[in-house]
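Next, two complexes with chain A in common: one pairs it with chain B, the other with chain C.
This part shows the complex of A and B:
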């Protein structure tokens, strides 16, 4: 059995994970000839120090990692911007990406938007009935869809479908040296691969939000009639009398900004992949999370700024 | 001419190249051999500026490419054709699109592009595979597509990283014959890395051996087997006993 006060035994595995300097300090304090006026470190005392140090170091490491990723995305944005003035990109790649990103996303956006319109009517139904506010259903649906639900929902869906795919594609190209292959052929991967994708994603999300807004209103119109018994004309006049083009524009500005944000994060995480297939998986995960967080943050600031 | 002077390159805290010096005369076929993970492929990427050096200089016809930024490297890369160890074929393009890509980017007329790409694929034994995608090809076929892409624009410098890895002996001989004929026709400077030392010695006129981050041997391919250095001799002969 270990003697009382023998901290090297008492703290067991914790000690083995300490920096060498810390270990020496403990031995000096606790061992024979140590400073006896100071209390011998106990397990709890030590654990607090270790955990505190670990917590701080993990917070610091996370902050550095976030700053590094944000810096990388900013540098990529600068390179993309420099390639756009004057426009210098591969137009065939742009068309290919527009088809892949916009055209093929239409069915899922239509489906989602249609039922989103319906869900909003169901949610508001109880109040419409309670306050006999059928005249406000069109306004409420349009206001929410144009300014928030449309851009956010479609952006999140776009990020999951197109952004993740984009990161995986670029990540695979990176780990299989295809980007180096382009560079070896004197082709700038930023101009050839990234710029067309950024432009295509911005345009695609903008167009998808326009389509999604209209479909969601269509869904709202239909479900208002079917569930709440609100006449089509009531819904229509409630919408056009109370909403302005500014409400529609508000959502479109958000869509364009979200599109750029998703494009930059997905491209950045794609081209900075390290470590083969596992690295590609990690990059896709990171890209989707970063895009979702950036959408929410940007939405907050844009809503505040645009009013 | 390619001249490498005192090049150091490492990854993280792990040094890989520790002062490489070599000269590749213009119009020659130069081979680089060495144990696995000795930095041969990294050295080839440094020739194109695909990786930055930690220190040292690399001159391509008198221009120190280590001082050039990405934009400045583009004219140099236009003069180089490179075959990557892992092919680096563009997987969203068909075989013929991959091969014709360097010509398309140089603005060559469409008909000429198609004619040259088809001829090139026939030369590497891939006639009839024009419209396949890279995912439908075997490793050896991908390698041959990579060779066709690296050489179709008749570059002044051609870099081959393991040009015959994964190929059977007959195809290996055919590929080296093709590379020899190409070089004879264009007079290009060729640098090749291969684990197949015997085949490489037949193809190249000068060979360098990279070992522990430095050039251990540089000289005629013909005398490599009888090199004074015991390490070189053992590596080339594949002896079990020796300093390696």
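This part shows the complex of A and C:
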């Protein structure tokens, strides 16, 4: 088990500035005008500035930052993939993470899904009232919940609860140099910390979406009776006759992919924290935002791919 | 090995819950009192508007744009399977966007970005005892910190909802035209939206904009310990505000359907 640093340093200057590549090196010499993030400019700063050099350079700087983050996440994904074939990771850490991420998230997922089901029924209820089409409720709300709303909303909740917490945890370990400590003990941080988390998040989100979908349908069933007066059997047959297992599977594939992307972004922002406790806070914020954007982007591409 | 520890834990949790509920109520009332009372630093609302609103523009536009494309794609797919008549998709989509999806999804996005930001900021002030220092110098922390963020978030949520709805509608129309050959003239038909829809959407946006800063500020003010406590406050803020968004959506939608049902 070689330390992670060895693999990417050879590639050159650009890669050595990425996280995990060699955290110790980066901390020693922050490159010229590079890694220290500038403080947030005040409102007055932007009011003073003319549209021109300052604006263009800020566009360029954010483009470079996005490219750096995307590249870092890709490299992290490659490293995680390599340690999965053959699977070598810390299994006890995996079980611990599964408990922490999945079991502890069940209450919030159940609550979210229950009301989501209700909201979907209310939205389709407009058609029921207008066309007197009670047979559509189960189909419409089930289709929306299985394919889009279920995976997306649960993934957003999961990212807020588990992803943010994960970034904070890894970030605190990074700024207190515990990752370097692990490397000094010849323990690969990727195998010990990152891979179990990625696997655990993927499995957790998959399982939580299965639970959430069922709860959302239960909520839909209940609220369609309470608010719209649709019989339980009407709802059930409308659902069963019009939806296929493929619709359910569509959402589950999305859930697994969202889980991986939340895991990779939150781990990346966690291990690339710089600048002490304040940096951890900033990283948590960045991780949650990046996870939300990646969920929406991936949802779009997956919808096209899965048809 | 008796049941006593469980009962004790249940009781402790209940007390914690009641305590938290009262504190949240305190922040809620204090915020509204603070708006009337004034005493916020000059220019703070504008600065917060910049941090909360302007900085979220790209984020909201990107996410809502993709959501719009996906939703139109999915509904066209399903409608093709059932009726094959895609002429209704544009007007119905706009209606759904205006009275539900645009405010709710924009607020979900803002709950992650803005909620986490507010909780982290207020929370780190709390754990470094800056809040106590404010109190010592006779400044009410809620007036000074929460009220400007509250006003800014309410305004920003409404503006960003309008932006998000526009972007989602345009991207949806693009998807329908490119993938399903729906005529843009038929898609971009604004005649279905009634004042009731606008009223529902606007009241949702305002309520979300009010809930996010109050819950996040509350979580920040309750942060304990050190940086770890701030991390927990941030997580609680994101979860709390996202869940509040869903709950408010449910309540207002149910109200809209049962009370204003004729207008829909």
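The rule is simple: the second predicted complex is superposed on the first by the 257 of 307 C-alpha atoms of A that agree within 3 Å, B and C clash if a C-alpha of one lies under 4 Å from a C-alpha of the other, contacts with A are read in each partner's own complex, and residues count from 1 in each chain.
As a convention for this text, a residue touches a chain if its C-beta (ideal position, glycine included) is under 8 Å from a C-beta of that chain, and two chains touch if they have at least 3 such contacts.
Given the structure is predicted, the values throughout are model-derived calculations rather than measurements.
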Side-by-side fit of chain B and chain C on chain A, or clash: fit
Which superposed partner A:111 touches (first chain B, second chain C, both, neither): second
Chain B versus chain C as contact partner of A:103, first or second or both or neither: neither
Which superposed partner A:88 touches (first chain B, second chain C, both, neither): neither
Partner contacting more residues of chain A (chain B vs chain C): C
Partner chain(s) touched by A:58 [first = chain B, second = chain C, both, neither]: neither
Which superposed partner A:307 touches (first chain B, second chain C, both, neither): second
Partner chain(s) touched by A:299 [first = chain B, second = chain C, both, neither]: second
Three-chain overlay, closest Cα atoms of chain B and chain C, distance in Å: 11
Those residues of chain A which chain B touches in one complex and chain C touches in the other: 172
Contact footprint of chain A on chain B as seen in their complex: 45, 48, 50, 70, 73-75, 77-78, 80, 82, 84, 86, 88-91, 101-102, 105
Of all residues in chain A, those that touch chain B in their complex: 172-173, 176-178, 180-188
Touch list for chain C against partner chain A, complex: 43, 46-47, 50-51, 59, 62-63, 66-67, 69-71, 73-74, 77-78, 96, 100, 108-109, 111-113, 116-117, 120, 124, 226-228, 230-232, 234-235, 238-239, 242-243, 246-247, 249-250, 253-254, 256-258, 261, 264
Chain A to chain C touching residues, read off their complex: 40, 42-43, 46, 108, 111-112, 115-116, 118-119, 122-123, 125-126, 129-130, 143, 147-148, 153, 156-157, 159-161, 164-165, 168-169, 172, 227, 277-278, 280-281, 284-285, 288-289, 292-293, 296-297, 299-300, 303-304, 307
